[in-house]
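Labels for the chains are A, B, C and D, by order of writing; each one numbers its residues from 1.
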Amino acid sequence: MVEENNPVNTVLERIRTEVRPLADGRVADYIPELAHADPNIFGIAAISAHGRRYVAGDVEGPFSVQSISKPFVYAIAVEEHGFDTVHDHVGAEPSGQPFNAISLDEHGRPANPMINAGAIVTTSLIKGEDRFERIRSMLSACAGRELSVNEDVYRSEAEAGHGNRALGHLCLAGGALVGPVEEAVQDYFRQCAVEVTVTDLAVMAATLASGGVNPVTGKRVLNRRTARHTLSIMAGCGMYDRAGEWGLRVGIPAKSGVSGGILAAAPGAFGIGVFSPPLDHAGNSVRGVAALERLSEDYDLHMLQLPTEPPSPLHSVSCHGGSLGVHLRGEIDFLAAEQVVSRLAAAVEDARITSVVVELERVSGFSDAARALLAAELTDLADAGIEATVSDPRGVQGAN
Amino acid sequence: MVEENNPVNTVLERIRTEVRPLADGRVADYIPELAHADPNIFGIAAISAHGRRYVAGDVEGPFSVQSISKPFVYAIAVEEHGFDTVHDHVGAEPSGQPFNAISLDEHGRPANPMINAGAIVTTSLIKGEDRFERIRSMLSACAGRELSVNEDVYRSEAEAGHGNRALGHLCLAGGALVGPVEEAVQDYFRQCAVEVTVTDLAVMAATLASGGVNPVTGKRVLNRRTARHTLSIMAGCGMYDRAGEWGLRVGIPAKSGVSGGILAAAPGAFGIGVFSPPLDHAGNSVRGVAALERLSEDYDLHMLQLPTEPPSPLHSVSCHGGSLGVHLRGEIDFLAAEQVVSRLAAAVEDARITSVVVELERVSGFSDAARALLAAELTDLADAGIEATVSDPRGVQGAN
Amino acid sequence: MVEENNPVNTVLERIRTEVRPLADGRVADYIPELAHADPNIFGIAAISAHGRRYVAGDVEGPFSVQSISKPFVYAIAVEEHGFDTVHDHVGAEPSGQPFNAISLDEHGRPANPMINAGAIVTTSLIKGEDRFERIRSMLSACAGRELSVNEDVYRSEAEAGHGNRALGHLCLAGGALVGPVEEAVQDYFRQCAVEVTVTDLAVMAATLASGGVNPVTGKRVLNRRTARHTLSIMAGCGMYDRAGEWGLRVGIPAKSGVSGGILAAAPGAFGIGVFSPPLDHAGNSVRGVAALERLSEDYDLHMLQLPTEPPSPLHSVSCHGGSLGVHLRGEIDFLAAEQVVSRLAAAVEDARITSVVVELERVSGFSDAARALLAAELTDLADAGIEATVSDPRGVQGAN
Amino acid sequence: MVEENNPVNTVLERIRTEVRPLADGRVADYIPELAHADPNIFGIAAISAHGRRYVAGDVEGPFSVQSISKPFVYAIAVEEHGFDTVHDHVGAEPSGQPFNAISLDEHGRPANPMINAGAIVTTSLIKGEDRFERIRSMLSACAGRELSVNEDVYRSEAEAGHGNRALGHLCLAGGALVGPVEEAVQDYFRQCAVEVTVTDLAVMAATLASGGVNPVTGKRVLNRRTARHTLSIMAGCGMYDRAGEWGLRVGIPAKSGVSGGILAAAPGAFGIGVFSPPLDHAGNSVRGVAALERLSEDYDLHMLQLPTEPPSPLHSVSCHGGSLGVHLRGEIDFLAAEQVVSRLAAAVEDARITSVVVELERVSGFSDAARALLAAELTDLADAGIEATVSDPRGVQGAN
């Protein structure tokens, strides 16, 4: 469902209008299918964490996903093998070099799973004979529809892909790649040739931004921790050798592909897709970078942008006789719990207080750390002779 | 004020106990003053965004701040010259190399302001004859007390600092450094020799984590945007050539120094300082890294960790006759505004609705983007023939 | 025919005795067949430009030639395609990196034909279905006996050779390698597995040192110019990343192999082979390097070692009446011709001289440049009115 | 004395005419004094090992020697400190990088004394307060006339030389450079600013080519071994990052400078100077490279070019009754002695031979190795019962 006549669409449309005149950049030409792309196509799509869809421009034309498949294949590998095993085979450092760089670290691992060598290794780690079908299926689950391979693009990549074969053999020699090189490389070519639309990119991004749950279909595709790892890798290594500048100016974990797409995932907020084929020297879509810079800047989506003030977890505090009532609200994380505990600890100093009630009716959830911290404080209060009780009519304290 | 007998202190103490047995690493020895450090000293301090202080272990012994001065000097340069001018002189990319690396980019700029070459350049950019006094004064404002130089450390660094002089001349040759090399290098040696305690590091970190306001003194030291830039640079380049792994495992913008300190700033939450002299191969404190990994892991401080669910800005929605009442709450940012707008837009579809009241009594603040988005929606409602009014008894809509 | 009881053998034996105690170095172990080598085996052989053979130590045990095959395969490629075409595919610069380095230059070429990548490229350039048979046959002609492949070594290399496959694909991607990667790599593995003795190495070296004629069999294997190119490449790139130091200390074009052999060709003088398996960090035989340093030092074999004074081409000069007789001797190259011309030109200044006879009876040969220079001078003499004749009873002037 | 109307001059003139139309390349502009150079100036000079001078084109205009001073300052350092000590401070490997590269090896040494860092280190090694005067004086002795500094060039270099100061500090930090950086750098700037003519370059080259004796003045400036070391370093590292190609195509040890000069020393034959300001990408004079390629090619000056056949040391062999007479000639080096010994050894097999006379009348000199080899053979003959005598009427056997 696209939201029509909506101010958010208006925002995307305005940014698209401002960025469209940028005529720099070159369409990638290393395989003919990419070289044929229309340089004027330009679309933006955003999916909110609540699953609402906003679009501007050309959002339905398909293109090959290319390197944007890499974070998702990394995520599959992490779920299959665990974080530590995957990182026995591939590093996590920005390489400071182009996407096709040959940079094995001192352990023989590719620098990270976002460069070609690292992506071929993570592909090789996925188990089973139906490896590619499982990759395609997971990408589809993230996009919320069945995706398929563009066979012409696949064949072109397979024919021209000697550099990637070289990387595969190198990683086999160094011990990072598992199993036959040619099979891994073929599946890598296939995953790069999966066709998507800008809207697909936005939904896929929103799935990462929402902790692994596709907010359109409501289905969990990845667990929360894997989603966090994937966002972290994108934040550090997603934009080729411009990761640092991207972190400063945009601050949204993202991954770009050589066909001209960028997928950007603002955690807990939006998934964004942009498509415009002309690329800058680093290999990132010129208009895509400009559009995301403006979105981040104008709508405060930078991940290190602070709220004006941290929301207080204290809805109200009341005192009747010797009884202190503390009404909490919202999501209680470690920082919020720290505030609550600090307030409760002050009660110990106040000789008039003999009992405390912590009221959770307006609380939406607890982190484990917050729950532990609050429990410890209640014990402390009891030790100090103050009767402490928790009122939890909706049962949020027990849920996770 | 240290919070005594507090569960948060207990957390820090537990982590300190677990990490203390780690006996790896070597105390830095490139100048004698560092080599004399006691490898057993180990302290942790945390300052909440509300200015409360938690400590464990050895937190009062002074040590030289070394490279931890770099993000603060970068911040001064950004405030004096503006972001763009500073980045004409220094890049923002992780270098993938050790701290003393010679890595000028294709524009003759050091890779980033966290490596020595980049830090000497940002020091050189600070204007005026009293340059060092202003650096010292700003570091003091961040720490909330007057800091001073350890003259022995300074002299040692100045005598042994031929590598840094080389970097200075190189940056002058490339056009990045401004003015006499020796003066810039001397002030760089002085800033590295400023003495701090673990608690100072935590307060300095909390100042960055709180958007530039020292939460202990309540004074604004940096503007919000500069604080964000500084955190971004730390996130990308703060942990020498282990930035990527740090981003994956810890996810808190941080900066380490060769004397054994680490400063970590969890935005909107905590400033943390750790000190333990033995360093790993990358030059980061072994126990400091381990302690921050546990803190991040156990207390969900990773910057890409999602809350269980995003808090709703809708406190309640009421409908009386044809009048829709929408009661908002908390901090309204772009994502929150998007939810509100989406709800209001649905009203247009409902033929029974003839008027809308948006109630702001429970709202703590608005971002500019949110304010604009809401205003646009109200205009849309009016265009659709629906009377829309905002009730803002506390005047939060106009404030910033 | 080995020269028995000969002072030259005594020289080799003395050097072998001095060098033998060196116990540094490690036997290569990247394939099991190399790891099994006896570290105590140590032999030296030398073949003079006249084909006489001198030996010391273990000179008959076979070992795989490994990288020492590279200069010979380069030579075949140059003869088949010409110098310029070969160097469209491979550079000529020392890489400053280990033998298995991945260093393609700005034209996509491996740095030089002595590193693995460059050697695989030169192998790929050799034409025809019987490629390997022709390589084997040419190596045999240089050694003066039929050489064959050690099949165990070949199989081991082929199984472990993923790094070399990677280099092959990389060079195919960059356009340097011709044809199917696997075929080129297989032939490369075969050429490395050809078995030789120390004496074979010395004869092969002598073939290069003698301008392409095997001085034992008397057969021309390469043309003179190809031999010079091959010696030049060995001089610049033959000793891995120790080429510069080798040039300073030894100054004999050489190539070493990972099995422990070194082939060294002192132009116009000796071909030398040394074999001792333990290798230094650069991958060169420890005893081999030491033996060749002593040979060069003690017997003035450094290619930039000057003779005490350059031999004079003037056997005698006589003057009878107005007739000047100039009797030349030896090999007349450009420098020698310059001396003769200078002497003849002086005759023009002498009014008494009316005729000149240049006597070539004692001359062994002329370079083209010398012949041209002398002819020009004779024309000049004629122009100056001096009758000039050449007496060439043995016809050396016309021969080449 | 320039040789007039001489065929060698004609050779140089012809090459100059052929090469002159090359219009590629750019005049260096890193200091204004170099940028003002006339790109059309082009001169060639050659000095034979016998001291005769040949010139073509513009050979008298002065220019600054720049990097061509480097091999000479290296030579001074070697004579003052010995080869091993100098190479404790500077390596001998081609760097594979541009002249101003920062490439310290694993011992903290610059890669070689021909890159700026290495040259500043060798300058710093020269002892004494009159360091620069001694450098100037030695360059003058090589040129055969008093050379002096162009003060404008010196001042320009000193003002712009921040990159070189950086290298100096870096080498001090790494332990390679001795003493105050600024003093070493100033003397380095001075030596680069020494003014020379093309003819000076040729004489300086001839001094190296003649084993350290200036063939014009007849004075020994360097000992033979130092000259060989210097030629070796030039052969490996003299032409910036084109050393390998130079070795293949030209094969004459050479050094180029950024002002457009090239000095080339063909051992035992010629010293050559060329000057033409426009430089190629590697920083070598375009016309200079082309001229030397032709000179080497047309006149067989490549150091690995073989004579058609090695000259025989046997002038004649006679046999009267049981007495064998062996008449030697020319310079007897190790290879020549090997031939003689081989011939004498054959005598032992011949039962008719009872005495041997070795006749040295036509011998011009003996190497130590040859003398030892011959003596050993004479002992062997005596042991075999053959009376062996040496006839040495001119006493060459004892001389060195």
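Throughout what follows, a residue touches a chain if its C-beta (ideal position, glycine included) is under 8 Å from a C-beta of that chain, and two chains touch if they have at least 3 such contacts.
Quick caveat, the model's predicted, so the values are computed rather than measured.
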Notebook entry, point to check: Measuring centre to centre with C-alpha atoms, which chain is farthest from chain C?
Noted result: B
Note to self: Suppose each chain is reduced to the average of its Cα coordinates; what separation in Å results between chain A and chain B?
What the structure shows: 21
Checklist line | Cα-centroid distance, chain B relative to chain D, in whole angstrom | finding: 60
Next item on the list: Averaging only over C-alpha atoms, locate the centres of chain B and chain C and give their separation in whole Å.
Entry: 63
Check: Of all the residues in chain D, which ones touch at least 2 other chains?
Finding: none
Margin query: Once you draw an edge for every pair of touching chains, what topology comes out, line, ring, star, complete or other?
Written below: ring
Notebook entry, point to check: When you check every pair of chains, which ones turn out to touch?
Noted result: A-B, A-C, B-D, C-D
Checklist line | In the complex with chain A, residue positions of chain B that touch it | finding: 3, 5-8, 10-11, 48-50, 52, 91-97, 111-112, 210-211, 224, 227-229, 231-233, 235-237, 241-245, 247-248, 251, 253, 267-270, 298-312, 330-331, 333-335, 338-339, 341-342, 345, 364-365, 367-369, 373, 376-377, 380, 400
Margin query: Quick check: in the complex, which residue numbers of chain D touch chain B?
Written below: 102, 161-163, 165-170, 172-174, 181
